[in-house]
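Going in written order, the chains are labelled A, B, C, D, E, F, G and H, and every chain counts its residues from 1.
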Amino acid sequence: LRTGFPEVIWGPGKTSEQIISIIHSLRESAPIVMATRISSDVAQQLLEQIPGLIYYPVARICALKSSQIPTQQGIISILTAGTADIPVAEEAAITAELCGFEVQRLWDVGVAGIHRLLSHRDLITSSDILIVVAGMEGALPSVVAGMVECPVIAVPTSIGYGVSFGGVAPLLTMLNSCATGIAVVNIDNGFGAAILAGKILRTAARLKDRVQ
Amino acid sequence: LRTGFPEVIWGPGKTSEQIISIIHSLRESAPIVMATRISSDVAQQLLEQIPGLIYYPVARICALKSSQIPTQQGIISILTAGTADIPVAEEAAITAELCGFEVQRLWDVGVAGIHRLLSHRDLITSSDILIVVAGMEGALPSVVAGMVECPVIAVPTSIGYGVSFGGVAPLLTMLNSCATGIAVVNIDNGFGAAILAGKILRTAARLKDRVQ
Amino acid sequence: LRTGFPEVIWGPGKTSEQIISIIHSLRESAPIVMATRISSDVAQQLLEQIPGLIYYPVARICALKSSQIPTQQGIISILTAGTADIPVAEEAAITAELCGFEVQRLWDVGVAGIHRLLSHRDLITSSDILIVVAGMEGALPSVVAGMVECPVIAVPTSIGYGVSFGGVAPLLTMLNSCATGIAVVNIDNGFGAAILAGKILRTAARLKDRVQ
Amino acid sequence: LRTGFPEVIWGPGKTSEQIISIIHSLRESAPIVMATRISSDVAQQLLEQIPGLIYYPVARICALKSSQIPTQQGIISILTAGTADIPVAEEAAITAELCGFEVQRLWDVGVAGIHRLLSHRDLITSSDILIVVAGMEGALPSVVAGMVECPVIAVPTSIGYGVSFGGVAPLLTMLNSCATGIAVVNIDNGFGAAILAGKILRTAARLKDRVQ
Amino acid sequence: LRTGFPEVIWGPGKTSEQIISIIHSLRESAPIVMATRISSDVAQQLLEQIPGLIYYPVARICALKSSQIPTQQGIISILTAGTADIPVAEEAAITAELCGFEVQRLWDVGVAGIHRLLSHRDLITSSDILIVVAGMEGALPSVVAGMVECPVIAVPTSIGYGVSFGGVAPLLTMLNSCATGIAVVNIDNGFGAAILAGKILRTAARLKDRVQ
Amino acid sequence: LRTGFPEVIWGPGKTSEQIISIIHSLRESAPIVMATRISSDVAQQLLEQIPGLIYYPVARICALKSSQIPTQQGIISILTAGTADIPVAEEAAITAELCGFEVQRLWDVGVAGIHRLLSHRDLITSSDILIVVAGMEGALPSVVAGMVECPVIAVPTSIGYGVSFGGVAPLLTMLNSCATGIAVVNIDNGFGAAILAGKILRTAARLKDRVQ
Amino acid sequence: LRTGFPEVIWGPGKTSEQIISIIHSLRESAPIVMATRISSDVAQQLLEQIPGLIYYPVARICALKSSQIPTQQGIISILTAGTADIPVAEEAAITAELCGFEVQRLWDVGVAGIHRLLSHRDLITSSDILIVVAGMEGALPSVVAGMVECPVIAVPTSIGYGVSFGGVAPLLTMLNSCATGIAVVNIDNGFGAAILAGKILRTAARLKDRVQ
Amino acid sequence: LRTGFPEVIWGPGKTSEQIISIIHSLRESAPIVMATRISSDVAQQLLEQIPGLIYYPVARICALKSSQIPTQQGIISILTAGTADIPVAEEAAITAELCGFEVQRLWDVGVAGIHRLLSHRDLITSSDILIVVAGMEGALPSVVAGMVECPVIAVPTSIGYGVSFGGVAPLLTMLNSCATGIAVVNIDNGFGAAILAGKILRTAARLKDRVQ
C-alpha cells in the first residue's frame, strides 16, 4: 500500500524478540525496514541479532537498508523551537532521509528570539516543505507559515511543564493559527510528519498537467 | 505574501458596512476578493451595494472576481461523512474553485455504510489531494487515507450531539489516526483546508516544473 | 445473583495472600472462579499455592475450574484494530470461554487497511455478537456495525499516545458513532464486554426457548 | 441493511421541505418511516403535507406506517430516574414500538428513593431487556443491573445543572459502574438505545442451536 | 483554633526527621498529635524514635496520645462501596476515633448489590452522621442519603480505572446527587470527612436553645 | 421521608400548569410546599391561580404555607463574596427560613477586602452553621472556615467570566481548601446548602436532646 | 485602598438604575468613576440621567470625571494581534487613560505577518510597559517579550472558533511562553491588565533609593 | 538581550556533561550563570567539575558568579501559603538574589489562618513587589493583593491532591481573582516570577531616573 515508503514497526509494547521477528518477515518484501521509539537497551539487542541494522540514538530509530534508497525530489526543512524538541525533529528527519528526501535541519529558533529565526530566512524560503517542531507555547509554525508560500507541517511536542499539558497547549496553538497553510499532526509524531511531507512531495510526480 | 490566492475577509463580528469597505479597499490590488461566514441577511446587503458580487449560500461565501481566475494544476476531491457536513465542505470547495482548482464533490459516504464509500473508489484514487470532512465520530479520513497514496486533509465539523463536544471528538479521531498522510486543521475550517490543499498543489507544481 | 457466570475477583490492589484466600472461599459455591488483571509475578505465587489453577498470560487471567463448563448457545467474535489491543481482547475472549461460549478471534483488522477487514466478512457476519476492541482513533466498531445485523460491543483501549488520552479518544469515537447497534463499555474493560455479551446471548437463548 | 427496522431521518438541521421530501422517497421501500428530534412547529407543517403521518409530541418523533408493524418477540422495559428524563425515554419507547416490540414504561424511580424502585421489582425482573434513562448523577443503571440477569442499556441525559456538564457526569457514572451487563450509549440517545435493544432481542431469532 | 481536635501533620513530602521534630514540638500543647499518609517505611523510623507512638497501617496514620481522649457525643457510621475504598475509610475512622467519637464500620455495601446494603438498614439509621466512601461510579451516597434523616458526608476515592479519572467521576456523581443532605469533600480526603463530621456533631453542644 | 422539611418542586423544564398541579397534589400532605428556580413570568401565572402563594423574586422561590412553620433550633448565617452571588444566597436563605431556621445575611464580604470581612467577626462566630456563597475565585469559605469552629457549607456560584468556567473554578477552590470543616455542594445549589444546614442542625438538636 | 485609581463598577448583571445609583454614591469620594462592560442600550439610559458622563462605545466603558485626571509617569503601549481583539484592547486603553497614563495603540500586528510587527520596533521599544492582546493562538506576547526589556502584560481574548475554546487556547500559550517577563491575566480582562500596568508604573514613585 | 539578568540554563532533560559544557560557554560573556531544576545528584557532578559553583538545594539552583552582583533598587517579598510551597518560593528567591535584589521571605501564611498573615502586615506593605506562592486552593494572592498598592505576582504550585489537578486549581483561582493588580505565571514557575519582578523593578528604576 505504502509504495515507495519504508515498512515501519511501532516499537512501544513489543519485545526485542517480536521486533526482530517482524523485521525478518518484512525485509523480504521491502527495501527499507525501520522501527521507531526504540530505546537504547532494546536497540543493543537488535544490533546484536541483525547484521547491517543501523541505530539512530537521538531519533530512537532502527533501520535496515537492503538496497540503496532512491533519491526523491524535494527539500524538507525541519525546524525546532528549542533543543528539547530535537528528538522529535530527528524522528522526522531520519524518517524523511530513509524515504529518500534531502533534509535541512535548523534547531533552536523559537519565537522568543525572533531575530535568530529571521537570520535563517534563506534556508527557510528555499524549502519545498517545512516541518516545524515546537513544545511549550508552540508558536513557531504560525510565524514560519507567514514567511513562506509552501505548506508547513506543525508537530507539537510534549516538552514543557505546568499548563503545557503534555503537548496539548502547543497542539491548540497550531490548530488555532491565524496563518494559513498549516497541517497539524499528533503530539510528538515526528514520524507521521515526515510521511505526510513525503506524500505531499510525491504528489508532484503524479500531478496531471491540465494547463496548456 | 499570499500570491496567487484570493484576498480573504473573515466575516464574523464585522458589520456589512465594514465588509463593503474592506472589499472596496482590497479589490484594487487583488483579482479575487472573498468573504467567509456571511449569513444570508448580510449577503443581501452586500449584493445590493457591490455590483458583480456573487453569493454562495451553502458555503456562506461572497466573492468578487475582477478578472478570470487562472486555472491551477491538480484535482481536489472533497468528501463528507454526512449531509450535515456539507456547509463546511462547500466552504472548502468554493474556496478551492476561487483559487483556480478543479473540485470533485462526494457527499454522504460515512464509514457506517462502507460499501457506498468503496463504490466511489475510482473518483477517490483519481485525486491529487483529498479533503475529508466529518463530524460525530470523524472516522472517514482514516479509512480514506488507507485507500490512497496522496495526502488527505481532515476537517472535523461541529456536527453531532452529546459527547461530540462541538467537534472535539472527530478532531481527536483524526489526530489519532493509525493511517499515515493525514493533515488536520481546526474544527469547521473548510477555508483553511482549501488553502492548505492549494499550497500543497502549487508546491507540487513548482517542484514538477523545477525537476523537468 | 450472577447465576451461570464465573465468580470473579478484581486483582489490582490485592496481595497474593488475599487473592488465594478469596479463591478458596468462593470455590465452594462456584464451579468456576477467575481473577483478572493478574501480573505474571502474582500468578506465579497463585500457581504454587492452588493446584489446578490455570494462568492465561496474555489475558492476565487466573482460573480454577472445579467442574466442566456447560456449553452456552451463541458465537462471540472478537476483533481488534491493532496488535497492541490483543491483551484487552484476550481478557474478553478467555472470560467468554470460561462462561461457556464459543469464541472466534480476529486480530489486527483496523480501518486504515479496510480490505483486510472486508476479506473476513464471512467470519464477521456468521457471529451472534461481536466484541470490537480498538485504541487510538477507535473507528473499527463503526465500520463493523455497518456490516452486520447483530449487536456490537465496543471496547476502547488505552493504547495510543498524544491526544488518545489513555483511551478517552476511542471511547468518544465509539459513543459518537453514526452506526446503530453499538454498546460501549469502559476503557480496557474486556472482562465487562464479555459478561455483557454473555448476558445478551443468554437472554436471547431464554427468549428463543420461551417462544418455541 | 437495517432489515426489519424503520427507516429513520435525523431531524435537526433539516427544513420541513427537506424532511417531507426524504419521507416521500423512503416510503416506497420501507413499511415504516420515522423522523426524530422534530419540534412541534416543524411537526405541524409535516402533518399538513403528509396524510397518515403521526406525531408523538413528548418523544418528538413523526412516523408514517404504510403497513401493519409485525410484532417482535421480547419485552423492553424503560425506566427513568426523574420526570425530566421522560422525553429521552419516550424517544426510546416510541422507537421500540415502531420496531414492533412491547414496551413497559416506569418513570421516576431514581435511587434517592430506593423503595419506590424496589416496589416495582416484578415489572423489572419480568423484562427481556431494560433501557434505563438517567441524568444528574446517573446512578439508576448500576442499581437496576444488580437486580436482573438480562442486559441493561444505560442512557445518560443532559438533565441537570452545575457539574452535570450536559450529561457527561451521568455518562461517566454509567461507564464506571461496578455492576456487569451494562451497555452505554451517547447522551440523550434514546433512539440508539431502542435500536440496540431491538438488535439484541432479534439475536434470539438468529441464534444457532449448538447444544444437543 | 481547632480546640478539641488533634494536631495534625500532613505526611507527604516530609522526611521522617521533619515529622519527628514537628511531633515533638506539637506534643507540648496538644493532647493528641497525629500524622497522615505515613507509609510503613516512614512509620518504622518514627516508631523507633518516639516511644508511645502508634501506627495504624491501613489508615496510614501515626498517633501519639499524651492523655486519655475525652469521649464525644454522637455516633459516626462509615460505609464503603468496595473493599478497595477501605484505606480511605480507615483514615476517616481512625481520625474520628482519635477525636473521641464512636465509629461504626460497614465495608463493601456498593449499590450493585442493593440488598446487602438494605440488610444493614438498622445500623445505618441508628447513626448521627454517615461518612460514605466510594470510588468508580460513586453512587452509594445517593442511595444512603435517601434512607436517612441525618447528614451524609460523601468521600470520592481514586479507586477505579478508565474514565473514573482518579476519582473525578465519583466526585461528580456525589455533587450531582438528586438526594439532599450530602456534603462533599475532596478525593480520598478521609481525614477531612472525619473532621467535618466531628465539627457537625460538636455543633450539638454549642446549639442555642431558642425554643420555649 | 423528608419529615420536617418542605415538599419541594424543581421548576426548570416544567410548565406552569404542571407546577400548579403538583402544588395542589402536595399541599394535602405537606404544611409547606415550595418551588425553586421560578422565573417572574411563571410566578405571575402561579400567583393568579393559587391563593396564598408567595413569590420571593430574588430567590426565585414560590411557597405555599398551609400552617405556621415551627421554629427550629440553630442560627444559620449566610455570606456572599460579591453582590452578584446574592440570588444563590437568597435561595439558601428563603429555603432555610421556610424550614423554620433563623437566618443572618451578610453580603459582599469577599476576600479581596479582608477588613470588611473581619469587621463582622461577631456575627460570624455567633452562628451555629455558615453557608458561604462565592463565585469567581471562590476563596471566601477557606478564610471563614479558619475563623470559626462550626461547619461551613461552601456554595460555588456560576458568577464570573473567562476561566471561572461557569462555577467550576470556585468549586475546585472549595474542594481543595486547606481549612477543615468545609462541606461542598454543587454549583449554584443554594437550596441544597440550606437543606444540608437544616439536616445538620436537626441532627445536632436530636443529639443534644438525647444527651440531656 | 486603591488610591489614585478610579472607582470601578462591573456592569454585567446590574440594571441601569443600580448603576446610576452606585455612580452617584461613589462620585462624592472619587474624582473618577467608571463602569465597564456597558452595552450601548444601557449607556443610552445612563447618559440621559447623568450629566457629564462620557461613553466609549468600543471599550464599552462609561466614565464620570469630576476633576482633571492627574498625569502619571510612564508610557503604556497596547498591541493587538487582530482587529477583533480591539474591544478588549480599548477597555485596557480607556482604563489606562482614565488612570492618567499616556497610551500608544498598535492594532493588528499578529505573528502570521511578522514584518508588520517588526516595522513598529521603535514604538514597541520606547514603551515603559506593554499590554499585548491576542486571541486564537495567542502567540504575540511571546514574540514581543523577546524584543523588549520591559514587562509584558498578556491578555488572552475569547476571539476564535473551534479549539480556541473561548480564549483558553491563547491563555495557555501565554502561560507556557518561553519568553521571560510575561504577566498573564484572565480572558478578555482588558480592565485588569490596565490596572496592573498602572500599579507597576506607580511602583517607580514608591521605589526606595537603596544604591549610593 | 536579557541585559543585567543572569544567563540561565533550564536543567530538565540535559545530562551533567551538557550542562557543564553550556556553563563553560556562557561564563565568558555573562557575569552570572545559573541552572534551574538541578537535582542533588546532578549538582554533585557539577560541583566536582566547576570550581566556584554554588548549589542551593531547596531551590535546586546552581550558580556561578564570576563577579560581584550589582545591587538593584527595590525590595521583593516572597510569601508562601504552606511549607510544601517553599521549593518554588526559593527558586524565586535565589533567582531574585542572583539578579541583585533584596528579598524578604515569609513562609506558611495561608488564608485558613488569616491572623498569622495579618500579623505580618508591616513586612508585606513595606515591599516594592510581592511574589505570592500557593498550591491547593491558591487563595493567598487574592487576600494579599487586597492589602497592598504594589503589584502581586501569583505563582500556583503543583502541591495538593485530588482536584488540585497538579496546580490547575490554584492557577484558576489566581486568574479569577476579584482583586486587581495580580500578574499570573505558569505552575511552579518560581524562576519566571522572579525575572518578571526584576523586569518590573528595573523598569520602575529607569522610569524614576528618567523623571528626576
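Criterion: a contact is a pair of C-beta atoms (placed from the backbone, for glycine too) under 8 Å apart; a residue touches a chain by one contact, two chains touch by 3 or more.
Here the structure is a predicted model, which means the values were calculated and not measured.
K.L.:
Between chain B and chain H, which partner chains are common?
P.N.:
Both chain B and chain H are touched by A, G, going by the contact rule given at the top.
K.L.:
Which chain pair is joined by more contacting C-beta pairs, D-E or F-G?
P.N.:
D-E
K.L.:
Compare the contact pairs of E-H with those of each option in D-E, B-C or A-H, and report the one where over half match by residue number.
P.N.:
Equivalent contacts to E-H are found in A-H.
K.L.:
For the two copies chain C and chain B, is the contact made of the same residues on each side, with over half of the numbers shared, or of different residues?
P.N.:
Chain B and chain C contact each other through largely matching residue numbers.
K.L.:
As a quick test, compute the distance in whole Å between the mean CA positions of chain A and chain E.
P.N.:
52
K.L.:
How big is the gap, in whole Å, between where the Cα atoms of chain A centre and where those of chain G centre?
P.N.:
Distance between chain centres: 42 Å.
K.L.:
Just give me the whole-number Å value for how far the CA centre of chain A lies from that of chain C.
P.N.:
Centre-to-centre distance between chain A and chain C: 37 Å.
K.L.:
Chain G: which residues touch two or more other chains?
P.N.:
In chain G, 1, 113, 146, 162-163, 168, 171, 175-176, 186 touch at least two other chains.
K.L.:
Which of the chains touch, listed as pairs?
P.N.:
Contact pairs between chains: A-B, A-C, A-G, A-H, B-C, B-D, B-G, C-D, C-E, D-E, D-F, E-F, E-H, F-G, F-H, G-H.
K.L.:
What part of chain H is in contact with chain F in the complex they form?
P.N.:
81-82, 110-114, 118, 136-139, 142-143, 145-147, 160, 162-165, 168-170, 172-179
K.L.:
Note which residues of chain D are touching chain C in the complex, please.
P.N.:
Those residues of chain D that touch chain C are 1-3, 5, 73-74, 128-129, 146, 149-151, 153, 171, 175-176, 180-186, 192, 195-196, 199-211.
K.L.:
In the complex, go through chain B and note every residue touching chain G.
P.N.:
Going through chain B, the ones touching chain G are 1, 12-13, 158, 167-168, 171, 186-189.
K.L.:
Report the residues of chain C in contact with chain A in the complex, numbered from low to high.
P.N.:
Against chain A, the touching part of chain C is residues 84, 113, 159, 161-163.
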